[in-house]
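Got some structures for you, see below.
Two complexes are shown next, each including chain A; its partner changes from chain B in the first to chain C in the second.
And now, the complex of A and B:
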């Protein structure tokens, strides 16, 4: 693991997803172990597709931002903005304290609904009638841009898209900003959106793996069967270079590598992003097979399958360290006695090709 | 539906003016600045919407500036240039 010379403090957390809105809703879902997906139906050219998905509601965004200011924001940007607002509120960073706050957003799909809507409008009406607002909302960086503009954060602003590795890569860069002194604080998080095209793709390409049926629930430790259910949402962390601001522990290691040469420690509690995709399952299964004493946990049944799901795992890991409580689904030998403590957690997200992103989180330095 | 009524409906629905109804938009109310509060991106969007819904092209700033003053001026421009 690439250990940081100066660990960074986790000052605040914020999230929205199929589980609800905010840390309290997320905690309740973590304790319950899962939440129920919504069954959405979409009309497609070759028929009606029904698919369950963990969908997010953003109604409470008007508690933070004036309704008129939100008129151009699509669902993707609203999820990001709400996640960011909640994290900044949790960190206690008021509007006038945001001058040296950087914004780093990870996204695997980007604004998928608006992107496909824009492409459809070009096909239907010609490029001369394509909506400029839809175009500007279709670029991946739109969520980060709205975060900076609406919330008055004047630090650097970047969006990283590297599918499942997006969140780890974003975190690597956020840590660099802090260590270089470019910013005092970074709002870093992941956002991904469900859309009709994705709904169709899940039914068309994944549901048939198991006899044409969609799984009723995500089973993170069933590795040979497709149980993924798509999710959407935004998870944000406020990171600070000041160790005194570590309300939820510290991040002291971030790595992106390949499972052929793993660098994470076998001693840690591993919070894995196993989300029911069997093409990634082999890599998680190899951990369970080769390291019998590994303690494994997964929170994917709470937030669903999405490229930047690791953002929610980082929040869950921070809560585990803060609450000294084991959340999520665990393998048989992963238990917690009254005398046990959670001093560190490693969040591990693995892609189908074996690339992984690992983040090591500790209680304190 | 008259051109003005259609324009007001487009303004509310396609520019997502959620806090106002089409009936509340005055015929001669300025579209930009102190009036409806639209901005430059809305102006570009309006040019596209007029072409899409009415088949009328606003070719340049010379045509656009007087046409985009209010619902009345835009409706007149559309009615005068419709084929």
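And now, the complex of A and C:
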């Protein structure tokens, strides 16, 4: 594990997803252990049924941004904007303090719905009728751009797209910015959107696994069966170079690599991003086998399977350290007595090809 | 104290040539290869010219992947080959990959989507191909590397940001070597998209010219092998590898203004330049030349000229997009590669397409191949979303 010489402080958290909106909703869902996905009764014209998904609502965005300013923003950008607003509010960073804040956004698939809407405009009416609004809103950095434009954050601004490794990659860069003094504060997070086309692809890839049975819930510690349910949402953290701003603890280690030569470590609680995909099961199963002395937890049944799901794990880890409470699903031997403490949490996400991203979090100084 | 990041290998493919040397020779002789698109069909009345890689380029993998990724991989192979690294030795180090792209991250296959929405059962081949084509992951996988692996999607500044970010990884000690650059292919989606925004030119582009009327799209890739100073010095002591050039500074800035138009005063560009100068320790008077973003759109060239006039007056500048087209996520990397080659050769080509000064612009680009003497140069990129990025590069000790 690359341990940081100067740990970075977690100053604020914000999230929106299938569980609701904000930290309170997220905590309630974590305590419950899961939330119910939205069921679809539709099916594609070829007969393939659309599966359930954890979908996010962004109605409360108008509490932060004037409705008029939102008229061209699609669902993807709105989720990011809402997640960002909530994190900044939680961090206590007002509008006039934002000019030098950096923005780092991770996304697996970008603005999917708008990308397909752009193709609709071409397929419906021809090349010359392509929609300029849909094109400009389909670029991957659109969420980061709206965060900057709407919230006045004019520091460095970067978007990463690395599928399941997107969030740990973004976090690695955000920490780098802080350590090198490029910025004092970074808003870093992940956003991914679910849409009918992705749902269709999901069903094409996975509906035939396990005899076509759709799982009613994600079972993170069942490694040999496909139980994943797709989700969408945005999770953001405000990170600061100032240790006095560690409202939720500190990040003191970030590591990326391949499970062939793992260098990550966990010394207390291990929070895994196992989201019911059996193509990742072998990796998580080996981790569970090799870390039987560690407490093991997963929060994926709360937010669903999505490329940037690790954003929610980082928020959950920060809350566990702050609240000294074990959230999410745990393995059989993982318990928490009244006298136990949570001194550190390692968030670990592994992709099907064995690439991993690990983040180590500790109590504030 | 600024840190110099050695560049020990460069790979580059674009419409001007399938290697860096081919492209430089072509540009210095004034060749422009823009023509109507041939790789895809279009029903536009105006067949906007594009800059396509016509000749077959080196296929280095049998794995099915997007053309964007094939281009990136070909550039990476060229770069690693030139760097002199033995692959087994490279695999023992912590080697990162950082690539910029736009098309390489977009799930926008028209054939698949058309069949999907028409109620057919589409072949999943295009989706499999997309999922297998993340440019950074594909390069890392091809060489069997173990280190940070990221695809930067900051629209048209992605390539510049990727090189800047990779440099910061080395400075932070996150890795020993990084393959950094950008890749993008020509495709119908971007062709239709830029046409819909009415910023595609129906003729060959004319950056900074009074009659400029838009950009031409292009395709290509460039990859730089960047090394930590420690690793490079160890190799140099063993007479393996030499330094082509250095990345001295990187800066980025945000307009926070409009999704597709630059800030009228160049707010974010000025911020990026200020940071690049600070981190490099270079003074503007030390610059030999500037490789501008210079797309040929009314807005871009107006704002970029304004900033050049205010911040970097009297320094020779040019745009190379008249030779390559705008290669989007690859542009910053290709132009960084060109900048290093021009510093090596001591000459820059004319800014293609410029002939008539715009009275609205206070500066004019170089109009003929121009000899340069100084050892530093600047390459800058502007992007949708209000992203701006700049690199300050230095001449190395040996020829490419």
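Here is the rule we use: the second predicted complex is superposed on the first by the 356 of 365 C-alpha atoms of A that agree within 3 Å, B and C clash if a C-alpha of one lies under 4 Å from a C-alpha of the other, contacts with A are read in each partner's own complex, and residues count from 1 in each chain.
We take it that contacts are C-beta pairs under 8 Å (C-beta built on N, C-alpha and C of every residue); 3 or more make two chains touch, one makes a residue touch a chain.
As the structure is a prediction and not an experimental result, all values here were calculated from the model.
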Which superposed partner A:125 touches (first chain B, second chain C, both, neither): first
First (chain B), second (chain C), both or neither touched by A:71: first
A:112 touches, of chain B and chain C: first, second, both or neither? second
Touched partner set for A:172, first chain B, second chain C, both or neither: second
Chain A: partner with more touched residues, chain B or chain C: C
Contacts of A:2 with chain B and chain C, given as first, second, both or neither: second
Touched partner set for A:31, first chain B, second chain C, both or neither: neither
Which superposed partner A:39 touches (first chain B, second chain C, both, neither): neither
Overlap of chain C and chain B interfaces on chain A (superposed complexes): 128, 130-132, 136
Chain A residues touching chain C - in the complex, by the definition given at the top: 2, 44-46, 48, 103, 107, 109-110, 112, 115-116, 118-120, 122-123, 126-128, 130-132, 135-142, 144-146, 148-149, 152-163, 165, 169, 172-173, 176-177, 179-180, 182, 197, 200-201, 204-205, 256-258, 260-261, 353, 355
Of all residues in chain A, those that touch chain B in their complex: 67-68, 71-72, 125, 128-133, 136
Residue ranges of chain C touching chain A (in the complex, touch as defined): 42-45, 102, 105-108, 110, 113-114, 116-121, 124, 127, 131, 134, 136-137, 141, 146-155, 161, 165, 168-169, 171-172, 174, 188-189, 192-198, 252-260, 267-268, 271, 275, 383-387
Contact footprint of chain A on chain B as seen in their complex: 15-19, 37, 41, 44-45, 48, 51-52
